[in-house]
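Think of it as A, B, C and D in the order they're written, each chain with its own count starting at 1.
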């Protein structure tokens, strides 16, 4: 069931594709999926698995590719040295950030080269917000952290660099400024929603600032569900248009429904990070997301935490006509549940139709749980003492203070 | 962070362990997880991935092992020849059931041998209900189907055979009878809940029948959530005690909450199989499940569809004292959310405590969805024309008839 | 829009109607409705309003009549002297039980005489469970309490006496035995659900016991929603049939949805009594209730706490063909929402049809609330020290002890 | 338990009270409560009950007074002649608008004179939006409708006139302009939420327009729950402040939770008007509402549809210190559930405390229902053909067209 179009054998560049109006599909989220598989620790969320369990990282990358992704993002999330040693994280004792990033590039470039059935994929390195910035570090010190990470990317000839998961547009601007020195295209996304960044900069202004700092693509990732993320990108788009700036847009939202979250996104929800299961998106919700993103004119469409291979496959199946091909993973799937024709039970076969799945309102099976939570709203941000990071472990006294804060 | 007990280097047998009162932890569900990863097709649910994508099967097996499982089940679910060619499933055109099962044994034995940190694991082959039985096949013809499958298991010297996922205890008895001829231990579980089997045999009677047919271990798997499955096993236990029969008990429930399902289990729920996300268990629900199963005296504890590596890890972490060791995966986890001490945000660090997670009632994030569904209840079972399977594809006319049945 | 049948001018007796296979429709709940209107105090729930605010009691009685009720129950609930002085209830200081009951009879007989458009109504006196019994009183002492109450009923020539709201069938039997001495028909209902009475007597056995004690009609009232109450009456019916006893059945359930309540009914739910609003039945749910009750063969159909006039009207509108007339209140209503044709807004006019209302699943508008609660389950019953009543107020020390019990 | 302050014997005027910074508490909703009692027809919602069933109207007015209301609003809602004959409403055939309004004034003045324990109450006449305006009538024609209604109010010497329930501020301005000619104070409220009026005028601008047209008090009533109504009044307050206008604020929201409704308010919700039960406010939600309204500086605080006597009592109990007295209805109530000390069951006595009720999240008891609905959003307003009213009944052909519109 692969598409009609012949696969390319050449590798077309990242900006080349976007500038030609082509769509590029990103991959899904690594940290949450690998946490569940046993290779990433929730809390530090650092990617030393690239060194320790490369097979596991390779496998999930191949799943995203098979699901139709054009881009394989090297698993370099939070691999800055200050993060690798933050709060008793022992990763840095075992492996330097450079080692982790190098192995991440090895895996990502190897997998991307396989291609998704439509020609070779692209691979990207990534940087994200740093404990240094949160703790009040200077521009110089923060940029030094980025510089150290991107050395590896330059050496490995990544197709582009993703600067993502910034809560403060200021830090994103610092990152973009540094990254652009490499001459490699930079796609920059903030983990913000419609309410803007943590310092009160509107989504519209954030987009303009990123673009002015030099970002080749701008948008959002993580922290919010597809619908809130789309709302944020719509505001960005309007801001850019008003400023007369033309850059492609990107979106890589959560694979969780978060209508109840506040400005800080899903980390404020009481379910973060170990009780988010009831919020996991269905594939059908991803169909709708893909369609709305495409219709809004966004051309770099992917997923972040919670987005698994089958979510990306749904995005690619929804957009199969626009892209001209089905993902390879469709071999083991069928549009809109049609594979259920092969089920042994007649009432399940009766579900082999689009309108059934499109209109399904999935129950939670948890009658003693509500549908919406009240997010924590500590409202602390850069500059707050509670956000200053340290190398030593969080001790019980520090924890106790936090509990009391919470109750107050 | 592995436990205090020294790992065994010898491999202690399956019944040897159970007879010594030891616990064995099963692995989780393959078909649902591999469907999401892109390697199994929902509808036929057959395991040809063992031949086509062995890396993917090996990887998930390793995840279960790392999560603490003692048993790796060869991925042979539904690999009977009549299932491999049912309703236009083309698997049999490409690979015989024997090939699929052979490769499944290769992977499972290889992974089990690695061990879970507490000595070598066990590996098991499996058979389950057949289209032949559903369509009204004779005992002789159905047993011939089982015989063909277990030839491979005998050749590969599996540690034991699992006869599972039977909706009718009669077919399970036929299976056990055939399997016992090999001299290999047989663990037999039905996919039934507290209401008993599809022909109206009570859970208590089912247990007695399985044991009398020769099953060395009896219990339930799939179709129901942990709480309904525990209820079913409790009835089985009482039935066995009343009959004066002593066999170890097993349980491998769904990783989904299904309080609203009827006798036929989760396949009757409107969300099956593509909208079950809001029902996925949290790890904390698995802690509770493990404790209750252990306290009920069940000693073979695992998971079925929906049970992922982190759910098995939760089972093993809950029972770490009883087993004497932590799973290897605990390296990237910490009991009861303690790893959140390493989070950058203070309000997330404040969640690093047991009572927080133990009492959390996770919201669905879906205010337009209910918490309970009304299951389909066609009530058809062996003998109903709609259950007769065929090799040809389900055509539109057949589908249309089913829709009409549904509306009536 | 009154029915075709000519209204009777004669007054046909209670048992005469039932023995002729006619249906009688009861009224709704007084205490909850009058609590909301400001005339009954939640906690003691005593009916001194008959003396203090007779207009308010008369008004609500007229509403039930207008809604189609055949029976007006004198507002004598909990008007036993031991209840009127229990736990610092000052009612008895102001008015004797006899005074309260006399005024209740005055109002009920006056209103019943007006008739519901189908001839004169019936009026009934009522007794219910006593603090004396809960505190361990002897049969003699408890029957003395009943005797004192019914003197007024005899004097006022009530059409029949209702012995209702008993949690223990034993006390109901004592009551019936005493009441029967008057020669007046006795309808007896327990506030139990499918699980039976508080002492573990099954619903089936309870029915037989009531009938054998002399009750002319038996059934259930209060404590459970219509569906659980119907289930209880179905069990009673089966029990009576098995015992070869033939008595008419009655049902007067709550006007609240209570699928989550345990054996003790809605008083165990955390929402009792001041947070039950989201559970209030819609009129459409009462249509369904009326139909199911009628189809089960129940011929005395009414409502208890939470049942307001419009709920009774819905019962009467559903059964208008069987009864041969519409309630007078239909003057300001129309079957199945047809009155919305007169609405100014077109989309509301579009709701003027049966299938719209019959299929509506009403949302709660409370996304931070669950759909089911966990009932308190103290499991204390007659004989428990906590159930011994006293005349003095519940002091803070006693309350504190209760809080601690609750937390344990 | 009445307050410490001595009741006034003189009657202080409406504006006199507000100008002195005193609070006035309005009454609750008549049409919804009387619909349930059987005296108002949903659809037309007209108040001919003042003529037909004066006792019922008097009774509910007394309940509001007893609950603590300072104001009794004559039941004149929708009593304009064009409404009384709209779409086959036969009210006008039986009684003129003038008759209905006269009887309404009789009842309201009689009840208000009784006083709420703090001196004589105030009574008000009311006008609201007209079918004439919706159908495109001229200013002249619409004002003529108002003029006809207020003649009765002038004759009866109402304390003030309420111009309320306008969806378009333009019609409200026309009304105020006409009403002010009487020299009687005019309190004007729109049935709008934070999104402003149906013609797109913002809440802030609406407030300014009402004040400039001469309204002595401005605010909102009906259509939205307390929280959305408070949000709307906050916007009004800011608009007035910005415009330098100083008028007292009023609020009379729904007694239903409506977080999911759109611009048009609760009439768009699928549950309107016959399935709103799960949305009914608890008394504790009214406590919170009263506090927030008071803290925002609103001094005319009441309720509209769905607000029953016990909701108003909760408002008055919450504000008992500020007002200096408890409502008379507190005689049969106790602050924060304290009356439960008198309950026979120990676990119910354990609920006799504020924190229990303040923190209760009431379950719906309806696990197959969602918590939020999708409102109809036809978006039609004045000028749309579907809004043109007519005297003839809505026939089936017209209805059928509406169903089709709905499905499209």
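Details
Criterion: a contact is a pair of C-beta atoms (placed from the backbone, for glycine too) under 8 Å apart; a residue touches a chain by one contact, two chains touch by 3 or more.
None of the values given here were measured: they were computed from a predicted structure.
Considering the contact criterion stated above, the chains in touch with subunit B and with subunit D alike are A, C. Distance from the centre of subunit D peaks at B, each centre being the average of the chain's Cα atoms. Centre-to-centre separation of subunit A and subunit C, using mean CA positions: 58 Å.
One inter-chain figure worth recording: subunit A and subunit B are separated by 32 Å, centre to centre, where each centre is the mean of the chain's CA atoms. One finds 49 Å separating the Cα centroids of subunit A and subunit D. In subunit D, 260, 361, 367-373 are the positions where the chain touches two or more neighbouring chains simultaneously.
Interface of subunit C with subunit A (complex): residues 260, 367-374. Taken together, the subunit B residues at the contact with subunit A in this complex read 35-44, 55-56, 59, 62-63, 66-67, 86-89, 131, 134, 225, 256-260, 267-284, 308-310, 313, 328-329, 332-334, 337, 339-353, 357, 360-373, 376, 378, 380, 386-387, 389, 393-394, 398-399, 402-403, 405-406. Interface of subunit A with subunit D (complex): residues 361, 367, 370-372.
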